[in-house]
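Mind having a look at this structure? Questions to follow.
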Amino acid sequence: MNKVKIINDPVYGFLRFPEQELIQIINHPLFQRLRNIKQMGLAHLVYPGAMHSRLHHSLGACHLMGIALDELKAKDITISKEECLAARIAVLLHDIGHTAFSHSLEHIITKNSSHEKISYIIMRKLNEKFNGMLDMAIAIYDSSFSKKYLHQLVSSQLDVDRMDYLNRDSFYTGVSEGVIGYDRILQMLTVKNNELMVEEKGVHSVEKFIIARRLMYWQVYLHKTVLGTEQLLINIFRRAKELAIDKKELFTTPALHFFLYRKEGVSATDLEENPEYLELFCELDDHDIYTCIKVWQKHDDKVLSMLCQMLVLRKLYKVVLSSQSLASILSEKEEAIKKMPGFYKDNLQYFVFEGTTSNNTYSIDDDRIAIAMKDGRVKDISEIDNSLVNQTLAGPIHKNYICYIQ
Amino acid sequence: MNKVKIINDPVYGFLRFPEQELIQIINHPLFQRLRNIKQMGLAHLVYPGAMHSRLHHSLGACHLMGIALDELKAKDITISKEECLAARIAVLLHDIGHTAFSHSLEHIITKNSSHEKISYIIMRKLNEKFNGMLDMAIAIYDSSFSKKYLHQLVSSQLDVDRMDYLNRDSFYTGVSEGVIGYDRILQMLTVKNNELMVEEKGVHSVEKFIIARRLMYWQVYLHKTVLGTEQLLINIFRRAKELAIDKKELFTTPALHFFLYRKEGVSATDLEENPEYLELFCELDDHDIYTCIKVWQKHDDKVLSMLCQMLVLRKLYKVVLSSQSLASILSEKEEAIKKMPGFYKDNLQYFVFEGTTSNNTYSIDDDRIAIAMKDGRVKDISEIDNSLVNQTLAGPIHKNYICYIQ
Amino acid sequence: MNKVKIINDPVYGFLRFPEQELIQIINHPLFQRLRNIKQMGLAHLVYPGAMHSRLHHSLGACHLMGIALDELKAKDITISKEECLAARIAVLLHDIGHTAFSHSLEHIITKNSSHEKISYIIMRKLNEKFNGMLDMAIAIYDSSFSKKYLHQLVSSQLDVDRMDYLNRDSFYTGVSEGVIGYDRILQMLTVKNNELMVEEKGVHSVEKFIIARRLMYWQVYLHKTVLGTEQLLINIFRRAKELAIDKKELFTTPALHFFLYRKEGVSATDLEENPEYLELFCELDDHDIYTCIKVWQKHDDKVLSMLCQMLVLRKLYKVVLSSQSLASILSEKEEAIKKMPGFYKDNLQYFVFEGTTSNNTYSIDDDRIAIAMKDGRVKDISEIDNSLVNQTLAGPIHKNYICYIQ
Amino acid sequence: MNKVKIINDPVYGFLRFPEQELIQIINHPLFQRLRNIKQMGLAHLVYPGAMHSRLHHSLGACHLMGIALDELKAKDITISKEECLAARIAVLLHDIGHTAFSHSLEHIITKNSSHEKISYIIMRKLNEKFNGMLDMAIAIYDSSFSKKYLHQLVSSQLDVDRMDYLNRDSFYTGVSEGVIGYDRILQMLTVKNNELMVEEKGVHSVEKFIIARRLMYWQVYLHKTVLGTEQLLINIFRRAKELAIDKKELFTTPALHFFLYRKEGVSATDLEENPEYLELFCELDDHDIYTCIKVWQKHDDKVLSMLCQMLVLRKLYKVVLSSQSLASILSEKEEAIKKMPGFYKDNLQYFVFEGTTSNNTYSIDDDRIAIAMKDGRVKDISEIDNSLVNQTLAGPIHKNYICYIQ
């Protein structure tokens, strides 16, 4: 009897990993490093419970994949043991390419490289080490595998990734309204013409899922203070990078040193082609970043030290977020800062700036959420009678924001 | 020190009733009878956990009223101790006029009388007994009290009644998706121009509330089997009433005897004018009904006995529910039954029939849900930018159903 | 593909019944009648949420049995599909012999017959109808089946019956402290020498289970008001039976009439030998009892009407519960009542009386809870190092009570 | 109207801080730094959800204090607004003296200084800054305040600190069995002769609390892997300190540099007398430590680099934990390591060692848990009839452990 790995998870109870391949991957240092990357970045400055890690999210998504596949099999959809394992691996590793502070820094630490691209690179590296064990998982991930619905479970508008992060982030933030009835949705999943679908009677559960996601975006992920804090972190790194390129000395860890001081930046291709770069990438996590920010509070550069103090001492940007134009408030705040001492007015863009954010409650253009009607037809969820997800909801909502100091 | 009444409630933890007036009302037999009227009627045939009583719901709504008022007071809205008590009493008694099996039988046991009308009658009777203690509560209930928002908390599209029943019914059915973030909604309540409102930042919580209600309607309250069971109960009583008017003998309890055998029916006015009728009304509860139905299974009348057996043995109607026309299925089923033995075909309407049901996700015509915008304006929730509650959602959805035996 | 029956349960999420045999039994009227017998009798007078039924508890225990067996199989203990089904049936039906208001009336409605005996009779009757489908289930139930641990899962100090009722009763009463970590206990189960055991590392979970049960007994099941209400119900039936034997007329349902008026009482053997008696037994449920009590409030017999009014109007006995002797309070109360009008003082035993109740936190004499130590030894849980369950806890606690009116 | 600070907490719902003094303290950098010290140190290596911070725990304990005081006031115990605030402050700051990785490193980073001592120093520093605002809070903390029970709520065997950490740690680890019914315990609190007590009817809730704590200790806090990981962290620091004293170069942050390289160590008195030392102390948090450990993986010192790799790559010590003597296993493991390459056998104490741990389920010697009996007497919880907390439970349990590499 092989040993089953059982992990306590406050969200789902127990996570069980009977597959030895999964246990090997979970124990691998490249996966373990996700422990040190917070799922929600700096959102814990607003929601103090939100300290959970990408590792925990990845385990949870892998757990949901197991349930989803069991449900499909109970509906007489043939999925082999090998395919189940591959789908579980694919989702377990879907976030493996995240760097410190995830989304905030992903385009700063590396250049022109989404975390998906880097996940893909790391999966292939792992596959070499594990002698091809991840072949099918990679095919599912890059959608080259014949059973398209397995890819959809990994990545679509109704994938187990979203289900886990909505559930988990709701749980840890305490924003209980974001909780979704994942068990009922999973139970309503089915497959038709190689496409993942929801049975007609599950429509209201999917509606609730979509609304829960909408709520989590505007109330948590795009909460104005969270947004401002993310911008602050980005600005700290922009400034540090400027100083580094300018050959100024900065306290860093060895790994961070490489990414800060490399003039031409580091692209996904660089990571792929240079094993030692990838190794440095994998050494980086939230600890490096925050440790340096704490030290930089006393740096000679006034802009950098000021920004770092703002973060550490929690004197964050004031933020206005609105669907209206904010041009007049922006000018007013710019005028105010121009009257402040030199380093402020000479570096206006660090102390007052505008931006745009947006969210799609449901996107018609992306891979649709398909509903298997009782009468045999298949409809996009936005097409069914009395649909909640209609034209209005289906377009992205854009909002403007400005951040400024006082 | 007066004794605080503390009641365990799995939904909210502890319910506290420090007000002696509330304790007196709770202990009154007219209130205690709600213990024997299930909140969800026969829905437990589908959701076995749904056995909770109107008494429990009324206590819960009264608890939420207390929280709502505390929130408003914390926002410097002046509400006197007397007004708080009155609002708590009003909601505690809002369902006091329900009869056995609530909505299903309310137009059968009495005629032309909603439970609201009868609640109003009973409140006034109680008020006499309590020497005017309920004066203000009654004014809040009938909306004659000057602070309109207190009435809105008792009865509107965002009242504590709805909040409690959605929460409680979700809890007891196990349809966890119906759970609403009542605490956050209550926290976002405010009052402006004497009207109950939700602060702008609470919009997404209200959206979730509206969608949770929509889901509970289509998934639970109007679940096709629940709907069919309700129709079965109604038909049993229609038949029993026919037999009674026809002077046939039926096993009954004394209270039920009166309501079944009174040829001209019993109206709210009758109840109001004849204390002994009201007393009989208050003696009735779910027990009388179900006990008689069990006995009637062996009644000589084949239609009555058949219908009662269907309920007790759980051989319920087959039900089709659809937004499409069901005329052709109806004729087909009628033809089938016409070929069955005499008592079936001669009483077709008891064994196959159609009906319509509907639900409003949000009604623009009713008392609106008002949003207090940050910029000082007040908007209907259907008018705000990117509103979920738009024209489509704001109209009622009608569905047709047919019930039939096989 | 056979249809899986899925039932919503707020306690465990979803209950799944893929076995067609189980579905057949669940749908049988004899099982469905458990819907109308409340699991906790009249405890809802103290804990208003406690309205759940024996049917729901039986479904829940059957669900836990499924999990328990899956865990054992995952530990390489061979259990056939047929044995799994049989164990699930055995626990599904373990309470099938309960009558109206369960424990309170079980020795009043029938004589010298525990519900276990009657369960056994009904199981065998069902087995005839189902042509031997329950053979193995019955063998497990009566402990004649070779795999003793299957019987222990149905009935022992750590059976799934206890696990479900503790969990469920905690859930519905809102006494959250009674909640047990059933998933961890189930996960720690193992089998050795044909005996059910708990792995050593699960000792603390079992301790918590034992303490949760102790708490539920003293705080809920033996709560003094609950105890007093039970005694009131028993006294109502004693009195009604006296009147019936004395040929007095009483409003009853046909089923109840039989049990009240049969002079020599009805024993388990009577039920077994007379199919028509058993049928009447199965027609009885909580509804009959409560309906009659409501009517009896106006009975000519002053004692009966007074007791019934006490229950319906919730003017319950005062109760004193103590580990001390209550003799002096008893005499004092008796003296007081002797001064009251005739029917009180002539029927003293109905208005003031004493009794004893007891509970065993852990019984050494019963089937022990066995711990499988890491070193291979097996110990009784009371024998391990630093055991919580020692001599003191292992003896029963007796308490005296008196009930009286004021 | 002053702004109320409302913080989402998944454990209790919403935490409300209407007191401006509390908001000032919460916003202070010295308090905010607790955000970066995990409540459970490295326990997340076993329980991945356990990432919550000391800040969150402190907020939660402060919330429970508010509820406790409200309950006492509802029982007519006079507590002034000022005293309430002071008690809330005292518990909010009770952990302010914790350093990086809390208990594990508290005797390594500083010498001979518990975190309580340092909390006391920091409170007094804060008091200076806030011009005496903390006077009464400090008196409550050091037990010099006249109302002894306020100190007991901050620090005793039934304080809000324990209640919060048991609840919170259970919640975040997912070890649901550790959850305590804090609301019922708080409701049962009372004060008599200036001593905090529990009403007699709350005895079973306190028993459950004590057993939950016992379970959390053996299952979580003293889980053998958690224990081993803590020892690993301690050994890393012992080694780093040796190297530092030996003038070897080590990558460090400025704050950590001070504590590592100061030959004579840093005592509480040092911190108190040198503001710049205290400042450095407050700059340290979990980030510094983990960042350095990651870098030290490549340090020249083989022992240090090996230990750091063990932690980062999660190749943790094997641990045996037992109430038996482990001497023979220890020798065996020592022999094995003596055969390994030089740096292992020359530094045996880092690679195989023994230790002792212990936990007291209830301590009779400490400030007792007093029960206010209904008859007016006061008893220690270990003295009441049928007490769970008897002689056996009241003594500490000692266990031996050995840690070793393979």
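Going in written order, the chains are labelled A, B, C and D, and every chain counts its residues from 1.
To be clear about the criterion, a residue touches a chain if its C-beta (ideal position, glycine included) is under 8 Å from a C-beta of that chain, and two chains touch if they have at least 3 such contacts.
Not measured: the values here are computed from a predicted model.
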**Item:** Path length in the contact graph (chain A to chain C, fewest steps)
**Value:** 1
**Prompt:** If you average the Cα atoms per chain, which one ends up farthest from chain C?
**Reply:** A
**Message:** I'd like the Å distance between the centres of chain A and chain D, where a centre is the mean of that chain's Cα atoms.
**Reply:** 32
**Item:** Distance from chain D to chain B - Cα centre to Cα centre, in angstrom
**Value:** 50
**Message:** Need the CA-centroid distance for the pair chain A / chain B, whole Å please.
**Reply:** 43
**Message:** For chain D, give me the residues that contact two or more of the other chains.
**Reply:** 13-14, 175-176
**Prompt:** Mind pulling up the chain C residues that touch chain D in the complex?
**Reply:** 175-177, 179-181, 184, 204-205, 207-208, 211-212, 214-215, 218-219, 323, 385-388, 390, 392-393, 397
**Item:** chain D residues touching chain A - in the complex, by the definition given at the top
**Value:** 7-11, 13-14, 27, 29, 32, 35-36, 38, 44-45, 47-49, 51-53, 55-56, 59, 171-176, 251, 253-254, 283, 285-288, 290-291, 294-295, 312-314
**Request:** Could you please specify the touching residues of chain A with respect to chain C in the complex?
**Result:** 1, 4, 6, 13-14, 18, 74-76, 183, 187
